[in-house]
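Look at the two complexes coming up: subunit A is in both, with subunit B in one and subunit C in the other.
Coming up: the complex of A and B.
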């Protein structure tokens, strides 16, 4: 009886305030949408139109269609920044994903002190990117750096980490792995803890070795997490900028020039706004491409199941 | 007996690996800290020492005297705190509407918001620069705050949370005569406290560590934020070229810029982890 009355009343209130009700949602949305349209959505669309122009900040914008994009792929510096970024990803992504998983599996064991290790491995992630750059410049210093000092124990001669064409990118990669691996560890840890222990136990009772349990039980069940981690890592590493800006400035001889950094240089050092925006849109195209690949992989694995 | 030994060995290896991970993760932070307290002569001494022989505050004094460090810190704190407060209010309002109200265009508007998760922030930088430049807001604190207000993650996390709140709670409040604003303020917000904490931390940290936009939008030293300020100490294109890098002051500045973040992290670890899981799961 009370149930019915309540429902009637709710209905009444809803109907009675029908007009009212139609406006209220928009009132709730207006503050956010003002910010969203002005600072996120609008600029994202505007960026595309800027990318279709030749525009040096002082002069008039001149519509050039897709000329900037055509020019980009004939610009050896842009190609260099693209291959550099892919090289950086090659150095970091496997380490970040596999390393993150291994550390997560390690601190998922019932060992004393696992919480301490989790905290310390994650801690670098809260440090700001430029500080990470500054810390590692000191560590990588050729003559006084602590890394070369310890390497000398193994008979390795001092490496000019940040000023050598061969070592600058690996150095930036090392700093980045140290900085962000804790993030992947947390994601994997959450995924691992979602897997019911009974499944692993059952496999063990059936005589499976630790390796078989991992490969046949843990890893397949972890795949949703793995996909998320791989995607986020690819997206974040493609956008590498601050570490490079601080540690090498893109040098030596453009050995560490990355895509986002080239966008920054073109837009805000040469003030070629149209060209810079076109580079930014390449980052967007990369992201869309990644997501399409992810979707198709997900669809395929769905078909199999 | 043999099985037991093997198990002991395995445990020992696992502990060893855990210690290695901890040391590798912490060593650079410790090295920064130790270096910050070393006098100028000691920092370039070889072999490197993990304990300063004559610890000194000189590097900190040098940074505070020669750089606008306190001003940068102030700018960073104000920008991050104000941005976080704005985001919590406007995002939770919008999320409440998306999750619990029926209106024309709900699904479409929400899809438009989410579509921006795919669009990298870099594409907005040039238009934002032109916009802020045309209204003469470059080099101001609002320039450091406003772009954060258009974020998407907060709305996404909070909408998901509000969707999980049972309808009955709202109905009961409606029966009691509560209006939409009352429901939002006194039912939804308190219920969402864990999610709001996560959104707050994500927003605060992303504003606090943001680099590209503050670098572009601020050129006067007095409006700089910490990440941009610290980047000026030395480095590829931003440093004073030709002079020997001054590692002592740089490490002191790095340490001062790091301590607040690490302190917040240690106190609010739970929410950090929650925040990461929420953003990670968005895929």
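Coming up: the complex of A and C.
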């Protein structure tokens, strides 16, 4: 958005053809607009109508009104998938946000090896989610995994990381944190580097301790970034799918079954498209809710109009 | 001028028409062979294409679940493949949707009859008395063994069916803790086992299949004769689960909740593995592994082993020309399916199956094939026998074989869930 505004201003200064330059950005947007309508917006609208039907792709769709939504809230597996997803968010979101901020602050210091550290922390993020799942499946193997091997040096008996209902979700959360924390670190790092040093120096000259500088200068100025990071992390973790699918398949005993995975199972393994679409709309409503919360917080903080 | 134009158009039409006629007829063939088996099928297709210049078959492979979703969507849009591979138990579901062409007369015209095929494979092509597919192969469970670990334990690998007791004794001798002790010996430490006797699947739907074959060994079917409800005696089901559960929790011969039984076997951490013939390419690829197979143990009165089989179907909505070409291709493929044995699958066609006897590691599968027990063949197969984590058969297997829960309540819960799906 910032870039578009800059271009408009440049255009005005260069030849004064304000109207002409106002159209140009939209012309650039046309290819994406068509792709968006065809592959995102259109199917999303169609999905709503499908969610009002009972349909197995090949037969005739039968209109059932909001019955799929009613059934969903009486479906123990859906409730289980919803609570599992919220549990996963509880395990990952604080770690990803606070951890990401701490790492960003660390690698923002003028320390030796900070560039290498940034690279290493960010590196897992470029790995495909399925590969992440396979790597951690090996690490977490109960009997022959490397993690239990090292834990045995401390006298810890083998932990059934992926096959125990108590450990499976924390194990998936650990893998997810390792995989995605680098992204949050980068966002925080960009935010930290946007804060003028003069403000911190002024605070220090006034006698503020390091903690006071962080709490009264850095953190408030970092709040727009923090809000974005929190929202993105909430949205991404609510949609967790691939790493769970690879590492546990949703088991054991549905201990790691998530909402998106349940949607996949209903739609593409049981061919219950209407029911699957209803789940998709629940996810959609939740995510829209989160975005609205984000917007209202940003509005209050004055970061958007 | 006018004459010249007409002449030009006529010449162009002739050239274009000739070019069109010279193009081979295109056939789309879809299958779920994403491993080395896909390469074997690709070679067979290439052989057909090179010997039949008037037809060109293109094989598309992807995992079975997305393949079937793709098939449903393609069918909806009138773009079905000309040939679709699936498993015998998948036939009723797609046939009940009206997506498959009945092929009884075609199969008869090709000269095929029941006596020329493995019984389970032939029976797996019918739904409501109509034949919808050509049988291609059988794939069933068997026990893979590590020859070196057997020799080390002073054991001779069996070549035929053995009893449950014999199998258990072998598994105990092959299970060793860090002090070199076996289960049952004084001082044996189940928390520090360095080598297990048998790798069994317990986290996915194979746990249920291991149970299902033991139910069939007692002479019972999973569903009632009309396939509308669960129909086995609870006692028989309990006995089957108990045998499996004891391997994990009483005798400690199988690692609990193993994430990858195949890998554990390949690297020599377990001496035996119960799995299907699709793992044969992985066995061959593992450097230094000397392996073989024997049938699963006969724990109860009868010999029975879970198995399935690939079949070849011809979806509806195609013109006569493509239909005839597809029939010719599938007939050729079944008749030339001896090379398909290289994929690990056991050809269903008797003549072709003979070749499998000359291949290493097939003993267990060939000895087990006559006793193969397929899952009940019902239209709701994808939901009742689903491999998804929410599937009652998967959850029940995990509860009993991983969480050591009391068998009877879990089994009753599983039955209720299955009955609910069947009654929906």
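As a working rule, the second predicted complex is superposed on the first by the 263 of 305 C-alpha atoms of A that agree within 3 Å, B and C clash if a C-alpha of one lies under 4 Å from a C-alpha of the other, contacts with A are read in each partner's own complex, and residues count from 1 in each chain.
Everything below uses one rule, namely that a contact is a pair of C-beta atoms (placed from the backbone, for glycine too) under 8 Å apart; a residue touches a chain by one contact, two chains touch by 3 or more.
From a predicted model like this one, the values you see are computed outputs, not experimental measurements.
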| item | value |
| --- | --- |
| Subunit B and subunit C placed together on subunit A: clash or fit? | clash |
| Touched partner set for A:268, first subunit B, second subunit C, both or neither | both |
| Touching partner for A:250 - first (subunit B), second (subunit C), both, neither | both |
| Contacts of A:141 with subunit B and subunit C, given as first, second, both or neither | both |
| First (subunit B), second (subunit C), both or neither touched by A:117 | first |
| Partner chain in contact with A:107 - subunit B first, subunit C second, else both or neither | first |
| Touching partner for A:52 - first (subunit B), second (subunit C), both, neither | neither |
| Partner chain in contact with A:26 - subunit B first, subunit C second, else both or neither | first |
| Touching partner for A:222 - first (subunit B), second (subunit C), both, neither | neither |
| Subunit B or subunit C, by number of subunit A residues touched | B |
| Those residues of subunit A which subunit B touches in one complex and subunit C touches in the other | 137, 141, 143-144, 248-251, 268 |
| Complex interface listing, subunit B residues touching subunit A | 11, 14-15, 17-18, 21-22, 24-26, 28-29, 31-32, 35, 43-44, 46-48, 86, 89-91, 93-94, 96-98, 101-104, 106, 109, 112-113, 116, 118-120, 122-131, 146-147, 149-152, 155, 171-172, 174-175, 180, 184, 205, 208-209, 211-212, 215-216, 226-228, 230-231, 233-238, 245, 247, 250-251, 253-254, 257-258, 261-262, 264-266, 269, 272-273, 276-277, 280-281, 283 |
| Subunit A-facing residues of subunit C, complex | 65-66, 69, 72-73, 75-76, 97-99, 191, 193, 196, 202-204, 255-260, 264, 267, 269, 382-383, 386-390, 394-395, 398-399, 402-403 |
| Residue ranges of subunit A touching subunit B (in the complex, touch as defined) | 6, 9-10, 13-14, 21-22, 24-26, 28-29, 31-33, 35-44, 46-48, 50, 103, 106-107, 109, 111, 113-114, 116-117, 119-124, 126-131, 133-139, 141, 143-144, 146, 149, 178, 182-183, 186-187, 190, 227-229, 231-232, 235, 239, 241-242, 244-251, 260, 263-264, 267-268, 273, 276-277, 280-281, 283-284, 287-288, 291, 294 |
| Residues on subunit A engaged by subunit C in the complex (per definition of touch) | 56-59, 77, 137, 140-144, 157-158, 160, 162-165, 248-254, 256-257, 261-262, 265, 268-271 |
